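Read from first to last, the chains carry the letters A, B, C and D; within each, the first residue is number 1.
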């Protein structure tokens, strides 16, 4: 009947524009983060360093990778609407165990890497189990776990020390087609995400973060989701620990704490919502690079020592401020 | 010829000691014999190892003559420092030093300091009593070192018992709180070996209404003043001088000038001890222990957070300069 | 012959008895309506059948075998799927992801097989001849009707012997509602059982073969649809006779213009809306859904920005935020479309929700006067006969209709003189509907000015004095009694009566 | 009924665990229940408690304030410098400093509520900037000693009762009253629960959000001033301990860090638990590592106990379907 057809035509007319809006909405934060990074790079480049060179890419990637891995862990948990402070403990313990136990042989490195990774995953899963069984806030459970793991790390290795094989340290500078391992790793990480986001597990985690109640109505098991999320988080934190040992050539029982807030910051800058359901690892990677490169920017700007903290904070703030404002406006008019 | 480009990479700005150290470095660089010969560039980073590694990488890329490092970690910077050395840059770590063999380490004598102070304590207690020890900042090598030294010496006195430890974190608040809770736990405490101010411990004793017992600490102005002004206080204060930075600059310039490098990578800076009443160490007879004296080595009109002594003997840095109050 | 047989089903929530020894029996090939006032226990019943809730006691048999389901998944595989009243869709997933959530077809490496999923989606949509639906749109970006349709698609996609529609039409515009009714018949003719819940008698008449009536969690009776009159049904539902659904309409407008909207236009799709709402008038807003009604209501309320003049009692009003609307001298109040997203704090108490907008009014020098608050709350619970265990019950645990009543109560409490009612009777039972309509006329008579949108045309026709018809964001026509009929509105909505 | 009872019983349980902890501690540390030590405990708890007032408001409003450490530190340092050790100057110095703290709060609030910067980033950046600002402002100069009166406020006592304890008590009563009885408090819960619904209900969401950060700035500055009294001087880094502690106290007190719930009464329990724990640990005579393990375990057990029990209660009384704690 005429009504139906009229209605049809009207709706279909609206559909495409809406699809664009939907895509916009989902990846806006990510786009803005990218823009932010670009601007910073421009400023940076204009200050006489050949920025857009492979060399720079290699150096910055090597510097950023630990944070990227830690932030990956955090992103997965934040997608589900949680937070994981225990990555601090996992990183500390990971480096400590690895640096104290590992020998020079490749076998030994492989074995102990495996052990550290497995340990991280297990500890993460334990977080998930505890918070589900006792209905506790992720914040508290992971805060406690952070403290516990740091303590254990300190028992394993009271102060910075231990050693890792020389060839392991130089891993970060190994080149493949003129590009260092960290860059390839980051690429691999993004590929992983593309795959992960396309799996049922990926969708489920996003769904629970978006609306836990609806997800449970659809038969999602809270226990399973939590154990998987925090397990993965632990796994990536352990990866961060392993890579970190190539950077510091030793173990450190308290180094992990440096990455807790930074990992959250990187994710948030990259457009991951603290309330769950939204985010993409690409954004997180961009966020991590922004945080890393701001340091370089300060250096080349030759800012006097007193002003350096002010500057780093101010740059970050300006960047986020501008993008947030634009984003808010865009959202307002597109919804 | 153009001045040496020397970078000072400092991993933490958040306490009085570091601020004085930075100020002293600047003062030194602009005083004879360095005025005009040293282009000192200070790079501060916020606490984290990662940040200092990144900062050092930036510094290395700009190929300076020398890098002075107050390090976030004794080990974690080694791979980066190695890069610097390979690039032919003179690397001198100070205060929190690093273990990389290619870098020099300018520091206080962390074996002598706890030894002398523990010996003094034992002397004060007549070889008998219950004491508590400050473990400093968890995970920091120097902290472990000092505690080890304290315990090592005290173990020679069978009648002295270490009944507790706390983390003083080199800050007043934690020292006061830590001592406070140990006082609660132990009805009898005859001596307190801190790694921090010592004055916090004395305050804690007073708050708890306990008699003031012998206290070891480090020579901050506030510590010295507290020891002098508090009724019946007995203190020994070791110095970890803030002018370690000037010593590092001096060493760097010396190496750059002469082009030859000292064999010994460890350069120990021996500041004097300040004590209420004189004391001569048997373990380290060479250690000079100066008697605390108002106006001479304790300055009521200067800031409490000032670290003493303010000036190395080979150069005149006034208290005002090191306090930045001029 | 009986296919689904339920006996002695009981469910309590703390003090509240939701189901009290209820029974139900449905046969394959029928559309079986389930009726009852708000809070009668229908949704609880449904949630138990579909594995979302576990009963305290009672037996369920399906096709002769005992049926137990711990989760909706298990229920679905056992042969029962439900379209929930409280939508179970996920805001940050696309329509398609929602339909197949956790049942996605997969290819190598566990990745979702998008092509296959798309194939199935399109097959599903065409099989039931769904209204057009953008499979890639985020649920967040959809309006309630579209979300409801997604929920329906999700339910039908499970392809079960028993399909439950819990007030699935309540959020749908006329055309889509029509479609769903036809679809339900079709499904029944395929030999499956459709359990259909609605508060719209006309729909029940159109679609149901039999109906079962709940009251206070008990089964009152089951009848063949042609064996009972509407009056009997209503009587059994609410336990008393209902004179008439619609109040007698005595014109009460004073002619004083309360709200004048002049050439209002906005990015959100309002092109050019002008009208005047006079004191004591109930002005209906008609037209096909999605032609700007929602945007109009929100823009007047200051919830979304729009250009164009707004006058209140002849004075130009400058409303930048809902707060301005509510706090302005004899301000404007809104019953928003989205109960969950805009109307209620679901995990706060009934009292906190009812008084949220009027805290300043209830307070002396910044302090909330608790006694005044309590009395205001009780009076509203009383007035709208909201079924609650206590003032402090969490709103989220109220039945759908009672939640809607809380939204209305919240608006009434503001004391605003201009009321914007966007589909206020959604999911509300007949008894209360009648009450609400009576209230609207009464308020009008007291000089309130009411702007009224309903997804149910007959409500507009029977309650409003005039109806402005919107089409593509413009007001295309104004129809007043006596020639105010559903046909008139529809034709105006579809073909431009200004004839060019 | 549920939400109400849940809130209440969780708080009760928090206090129960605080008391149990206290008793446990008094076994390990005989003098712990001595008057002087209880006084010390109250004083130390008061500092956590006072900074946590602001954090409680912010967290209820679905935000977080990570700028507390250096707001506190800046307040302490500027107070010490401006007062120059003279009580006489306090009359204008203290108000000025407190106002400074509130100004920072306004800055945070505007960034979050109007510009839409995620709170965690906004306040983190503010924290870093403030650290730099104070260094620039003081030239890193160590500060003069604390005026007598401040010291009195921090460690003085009236009879056996510590002055600071009384100050805290007053503030606690005010905070609780504001949250539970005032329009602002009630609206704050709404904003934290669902900002959109709040906005549709005419709640001044922007102003309300900003207000929470202002309060936080105020309490952080106040704590800073008082803390100089306790430690006898303002020193750089004195605030760092309060970054996670303040959030932990709020969370242990039963607030969800996702906003919409929480009470200050609960936070007080949190502050007490953390302080007693800090008093217990040194007495245990363990290695730093072991201490951190114990610290974590105790926190876990404490909150697990209350959390679990509450849930049981809820299930028994209301057959509540399991809903996620952090999920929505």
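Just so we're on the same page, a residue touches a chain if its C-beta (ideal position, glycine included) is under 8 Å from a C-beta of that chain, and two chains touch if they have at least 3 such contacts.
Keep in mind that this is a model prediction, so the values were computed, not measured.
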Each chain counted as touching chain B and chain D at once: A
Most remote chain, CA-based centroid, reference being chain D: C
Most heavily contacting chain pair (counted by C-beta pairs in contact): A-D
Chain C and chain D, separation of their C-alpha mean positions in angstrom: 44
Mean-CA-position distance for chain D and chain A (Å): 29
Whole-Å separation of chain centres (CA-atom averages), chain A against chain C: 41
For chain A paired with chain B, centre-to-centre distance based on mean C-alpha positions, whole Å: 37
In chain D, residues with contacts to at least two other chains: 128, 131, 135, 139-140, 288-289, 291-292
Where chain A touches two or more other chains, by residue: 154, 158, 209, 211, 213, 253, 308-309, 312
Shared-contact residues (touching 2 or more other chains) in chain B: 13, 22, 46, 138-139
Pairwise touch network: line, ring, star, complete, or other: other
Touching chain combinations (by label order): A-B, A-C, A-D, B-D, C-D
For the chain A and chain C complex, residues of the former touching the latter: 2-4, 6-8, 10-12, 14-15, 18-19, 21-22, 25-26, 195, 198-201, 203-204, 206-207, 209-211, 213-215, 217-220, 277-278, 332-333, 335
Residues on chain C engaged by chain A in the complex (per definition of touch): 51-52, 71-74, 84, 87-94, 97, 101-102, 104, 106, 109-112, 131-132, 134, 136-138, 140-141, 174-175, 267, 288, 290-291, 305, 472, 490, 494-495
Chain A residues within the chain B interface of the complex: 59, 63, 66-67, 154, 158-162, 169, 246-255, 258-259, 262, 292, 295-296, 299-300, 302, 304-305, 308-309, 312
Contacting residues of chain D [partner chain B, same complex]: 28-32, 34, 36-37, 39-40, 44, 128, 131, 135, 139-145, 155, 227, 230-233, 235-238, 240-241, 278-283, 285, 288-289, 291-292
Chain C - residues contacting chain D, complex: 12-14, 53, 301, 303, 321-323, 325-327, 334, 336, 341-345, 347-349, 352, 356-357, 359-360, 363, 366-368, 389-390, 392-394, 397, 410, 414
